[in-house]
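Across the two complexes that follow, chain A remains constant while its partner is chain B and subsequently chain C.
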Partner chain A sequence: MPKVKVNDVELEVPAGTNMIEAAKLAGVEIPHYCYHPHLSVAGNCRMCMCETDTPRGPMLEIACNMQARDGLVIRTETDNVKAVRKSVMEFLLVNHPLDCPICDQSGECRLQDYYMDHGKYDSRGNEAKVGKHKRQDIGEHIMLDAERCVQCSRCVRFGDEITHTGDLALMNRGDHTEIGMFPGMRLEHDYQGNLADICPVGALTSKDFRFQRRVWYLRETASVCTGCATGCNIQVCHQEGEVFRYTPRRNDDVNQSWMCDPGRDRHVAIGSLSRVLRATVDGAPSADAIPELARRIRAAGAGRVGFVLGTQASLEANWAMLQLVRANCPDAKVFWVAGADADAIAKSDTFLMDADKNANTAGVKLLAEWAGNVGDAAALRAADLALLVVLEDDVVSRVGEVLAPALAYLGTQHNPTTAAAAIVVPVAHVVEMDATYLNRQGRVQRARRATNPLGEAVPAYQALDALGAALGRAPGTRMPVATFLAMARVIPRLAGLDYRGLGTNGKLIAPATPAAAEAK
Partner chain B sequence: MDFPRILSGNWETPDSHRLTVARSRGVYSRLPKALGMAPADITAVVKDSGLRGRGGAGFPTGMKWTFVPALEKRKGKPVYLLCNADESEPGTFKDRYCLWLDPHLLIEGMIIAARALDVRVGYIYIRGEFRYIARRLDEALAEAYTAGLLGKNILGSGTDFDLYVHVGAGAYICGEETALISSLEGEKGQPKLKPPFPAVEGAWRAPTIVNNVETLAVVPWIIENGAAAYKAIGTEKSPGTKLFSVSGHVRKPGVYEIPLGLPMTTLINEYAGGLLPGRKLKAVIPGGSSVPVMTPAEVELCSMDYESIQTNAGSYLGSGGMIVMDDTTDLVAALTNLLRFYAHESCGQCTPCREGCGWMYQILCRVRDGDATAADLVTLRDLADNIHSKTICFFGASAAMPVQSFLTKFRSEFLDRVQGRGAGAA
Partner chain C sequence: MALPKPNKKLTGSESSYLVEVIKGMVITLGHVVKNIFDQDRFRTIEYPDVRKPMTPRYRGAHRLLLRPDGGIKCVACMCCPTVCPARCITIVAGENPNDPAEKFPVSFDIDMLRCIYCGFCVEACPKDAIRMDTKIYEINAYNRQDMVHSKPYMINLMDRLKPEASEAYRADHTTAPAGHTPDEAPVAGGHLG
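For the complex of A and B:
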């Protein structure tokens, strides 16, 4: 590995690493607009210029296009470098409208941040600013204000290299250059929100988030999207119990820096009218839904009670259901329903949008294989049941029939299954609890509690713990950390894992069988 | 002075652009020899001749040719030869004469270069404003194809070479070689990051050599007469003859072929006929509008070669586009006019050039109109310094150097204007 020097720090970095990334490894931030780790190098913003030693003496060069090679030296804080950064800021702002008070990017704007870090000059702009097109509605999710743009071309490269839609371009020349759509085109892809994320300034903003909240009020909690089996890593942005947006969180092994628009939209469901907020028994609100459910399970007789594991639910919740059955009614039948429906396949691609819209199919499969004797959808249809307890799975829609004389449902959203259910128990949304999910790659990833559960909801693993207690033996799944450890102790493929070890990027678990390992 | 007119020798012959006339004047007579030579030997002769690129940078042509990777290293990729006929530098109008009056000489030079570089396909990239010349080039290509001088198995030598004319859309920046390549590829004409350099990875990511019209048109003469004969002309480091486009306040503006090293005063006073009666020299831009301006005292010191102009005046020979300005010139207005051009032509890619060129132009408009303060001149100078060499391509420097040099060498004219005591020629 080549050895490079960033200021006074000598370090070895992988060959081919560019110097912005190398500096990051050395703990040095090099300011930049156009460079993005998951896009090609454009080298046009000139903000990352650093001093390097050349045969002709010290020269200023852009760090983004400098590949690490043995003996390469860069200095990031010399007077020359500071002067260039200051002048680039001055050039970028001379035609900028400076409309921060009404701009949604305020607070996460690189113009603001870098001006404070590297600019701070007295304005010399005495000339008329160049006017450009404002308030352009360019797609379902995105507004464009060309005057705020710094022409970094990240969005153009995103369209060329990630979505391959080639819909955005730099039009005109000189200081009249502006980003725009080709005539007659609109953004038509499902990754539009990323444009607002990668835009370092307020030119491309999200229609969903515009004018909703100043970003400096928002707290960010690392989580995962549960919109499909991909499990994109996200930040949940929230204030005082209200979630305002999801943004992608970088994980090069899962979603790079991206996420899809349907995934981004999912936060709307958290506090929506379709959310299950109250426990009901036979259609009436009830404070005793769980004891009542326990009574009906006993009344039905263990052989005629079924439990459906939830591919939308966390590993901990499914584990809680398995443990509850094992401890209290070992004769009860357990099922899980796999697969995607036709609508979901239509909304899928080969990139991030998986046809399986369930976040934890792989996790349920793992638990079912470990537990053994878990039936599939056909077995569920064939079973003679008096009562079916369903964990976060709209089985009525997915299987197409009501399946048992009586249903009990633990879930977050109203759907055909809640409509058919005699007992409904509200459970926490993914942003309201700590839990883990196993994605399509076999990567265990953590969701972290960002907000408090709404209404009467509690995390499903706690509701199931309470149900177990009401049946006589609690499965001991109140605490997610301990629950995960309990799973990891007995399930070989999870051996050695714990919450802390999962880190921010999750961990791939061992393949199912040695044969599968060889196939990889 | 006795020297061969290598480039302009056929210009006075009627119908010199016709194949039959060109052949009668010796064009294509060097082909049999060149096609019989080993490619590496052709490159060696060009390298030994000391020929330097005539587009402006003066980079040694033979050396550039050696940068093309060998066949096994380029993994089967073809090599492209591009003739840069995007002559757009203000004050430069030599290539259009070569193309208009002697297109076959260029074609001959390109065939020889193609032989040297293992090129099968070449393009003449010509600026959009030269559409009428492009039509003449197309006619010349058709004549050459009919005569078996282009296409498969040229003159029975086994060498194949196809040549096309590609008309640009009229952008100054497309004369920059990587922008030219972008434009040829069908992209917006914007320079690309270097490295990789075009000789290694250029058009369609294949090795590409971009040479100026004049450079390629010299090659046949060098093959015919040898490197030593070429080196015998001009100076040691600037061998050969070169075309100069002289414009401005001279009696005989035009294109002149002279041996490099000729005193600048000889070019101005003898070839171009000197200044108009009663006028005094005020300033000279020696090599196209981008190079630093020179004072009359510097003109006296310089000869027309790469080294002399750089050493004695801190300027460049550039493309050989000489603009002569006498004492009736308002230099503030002249610089404002130049910056209007650069503000219009900046491709808009790099921050300093994109925003800075327009800003400098706006300040200069106020200086010209008597609406500026001395502080504006400080800003102007700062902006030029902050653009120079801070951009992907050389355009930034090209826009900055006139500002820097005008402000330094003719400071009083600008100070007079901001103090409201100007000559008021604007």
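For the complex of A and C:
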């Protein structure tokens, strides 16, 4: 590995690392606009200029295009570098409209940040600024303001390299250069939100988040998207119990820096009218839905009670259901239903959007494989049941019929299953609890609690713990950390894992053993 | 903390009180005499018919300013609620499709019960949209709800000054604070900014 020197820090970096990344490893931040770790190097913003030694003496070069090689020395804080950064800032801001009061980017704007860090010059602008097209509605999720653009071309490269749609382009020349769409065209792909994220200034902003909240009010909680089996890493941006947006969180092994628009829109469901907020028994609000459910389970007799694991529920919740059955009614039948409806398949691709719209199908498979006697949809249809307890999955739409004389549903949203269910217990949304999910790669990832559960909701593993207590033996799944540890102790594929060990990027678990695969 | 007991012994003349009462009367009578012979500097005013002119930098009730074209100057940038140490400002932002300013406050409420009149909101405002130059110090209401000043209330605040307010008081409001250009906002009923 080549040995490079950043300021006075000597370090070894992998060959091919560019100097922005190398400096980051050395703890030095090099300002940049056009460079993005998941896009090609354009080298047109000139903000990352650093001083390096050449045969002709110290020269300025752009760090994003400088690859680490043995003996490479860069200096990022010399007077020369500082002067060049200041000049670059001045150039970039020559025609900038200073829209900050109405710009959604302010607070997370590179122009603001770098001006305060590296600019701070006295304005010499006596000429009128070049006006460009403002407030252009270029797609379902994106607004374009060409005046604010610094022509970094990140969005152009995103269209060329990630979505392969090539929809945005730099047009005109000189200081009249602006980002635009071809006439009559609109953004059509499902990854538009990323354009607002990668735009280092306020030129491309999100329409969904437009004027909703100033970003400096928002708190960010690291979580995962539960919109499909991919499990993109996200930041939940929330303020005082209200979630305003999801933004992708970098995880090179799962979603790089991207996420899809349907995933971003999912936060709308948290506080929507379709949310289940009250426990009901036979359609009427009830304070003791869980004791009533326990009574009905006992009345039905263990042999005629079915439990459906939830492919949308967390590992902890499914584990709680398995443990509850094991402790209280070992004769009850347990099922799981794989689900990918036709609509979901239409909205899928080979990049991030999986046809399986359930976040934890792999997790349920893992638990079912471990538990051994879990039936599938066909077994569920064939079973003779008096009562079916469903965890989060919309089983009625998925199987196409109401499968038992009585249904009990623990879930977050109203759907055909809640309509058919005799007992409905509200449970917490993914942003309202600590939980883990297993994505399609077999990566265990953590969602962290960002806000408090709405209404009467509690995390599903706690609701199931209460149900177990009402039945006689609680599965002991009140605390997610302990629940995960209990799982990791007995399930070989999770062995050695705990919440802390999962870190921010999750952990890949061992693939299913060949023996288990054969047994299926 | 226990307060120390006053242990000062009254002197002979104080213990009779008579001398002290006369001393006080002398001060009062002194003002009467001064008011009679030096009426240019009257020591008492007939509030509320007459009001004391406040200093130019006195921070009274907030008002919101309008642009010359009649639109509100505020663009809901949220700088004032961010800087407000009392957290008394609540703004809901909205989009105005016909206005080049794009963003405007759908509602702009200041809870005057929480406001500490520090003037940070005025300083933070990048648009000179809020000022505290009304010099209105009678901020009162019969219930808490009315102590929350709303956007329409603050836009028309200057109109709410009673017409019978003294000329001197009204004239005092026509000077803009230093550093601000007087805005020519056409507020109905005579604008005094």
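Basically, the second predicted complex is superposed on the first by the 512 of 520 C-alpha atoms of A that agree within 3 Å, B and C clash if a C-alpha of one lies under 4 Å from a C-alpha of the other, contacts with A are read in each partner's own complex, and residues count from 1 in each chain.
Keep in mind that, in the parts below, a residue touches a chain if its C-beta (ideal position, glycine included) is under 8 Å from a C-beta of that chain, and two chains touch if they have at least 3 such contacts.
The model shown is predicted, which means the values in this text are computed figures rather than measured ones.
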| item | value |
| --- | --- |
| Chain A as common anchor, with chain B and chain C clashing or fitting | fit |
| First (chain B), second (chain C), both or neither touched by A:K120 | neither |
| Which superposed partner A:R56 touches (first chain B, second chain C, both, neither) | neither |
| Partner chain(s) touched by A:R135 [first = chain B, second = chain C, both, neither] | second |
| Touched partner set for A:W216, first chain B, second chain C, both or neither | second |
| First, second, both or neither for A:C45, with chain B first and chain C second | first |
| Which superposed partner A:R500 touches (first chain B, second chain C, both, neither) | neither |
| Partner chain(s) touched by A:L92 [first = chain B, second = chain C, both, neither] | first |
| Chain A as apex of chain B and chain C, Cα-centre angle in degrees (nearest 10) | 90 |
| Comparing the two partners chain B and chain C, which touches a greater set of residues in chain A | B |
| Superposition-derived minimum Cα distance between chain C and chain B (Å) | 25 |
| Chain A positions touched by chain B in one structure and by chain C in the second | none |
| Touch list for chain B against partner chain A, complex | 171, 173, 188, 193, 343-352, 354-359, 362-363, 366, 376, 379, 382, 386, 389-392 |
| Residue ranges of chain C touching chain A (in the complex, touch as defined) | 75-79, 82, 93-95, 100-103, 126-127 |
| Complex interface listing, chain A residues touching chain B | 41-47, 49, 60, 65, 83-84, 87-88, 90-92, 94-95, 124-128, 130, 150-151, 169-170, 172-177 |
| In the complex, chain A residues that touch chain C | 100-102, 106, 134-135, 210-212, 214, 216-217 |
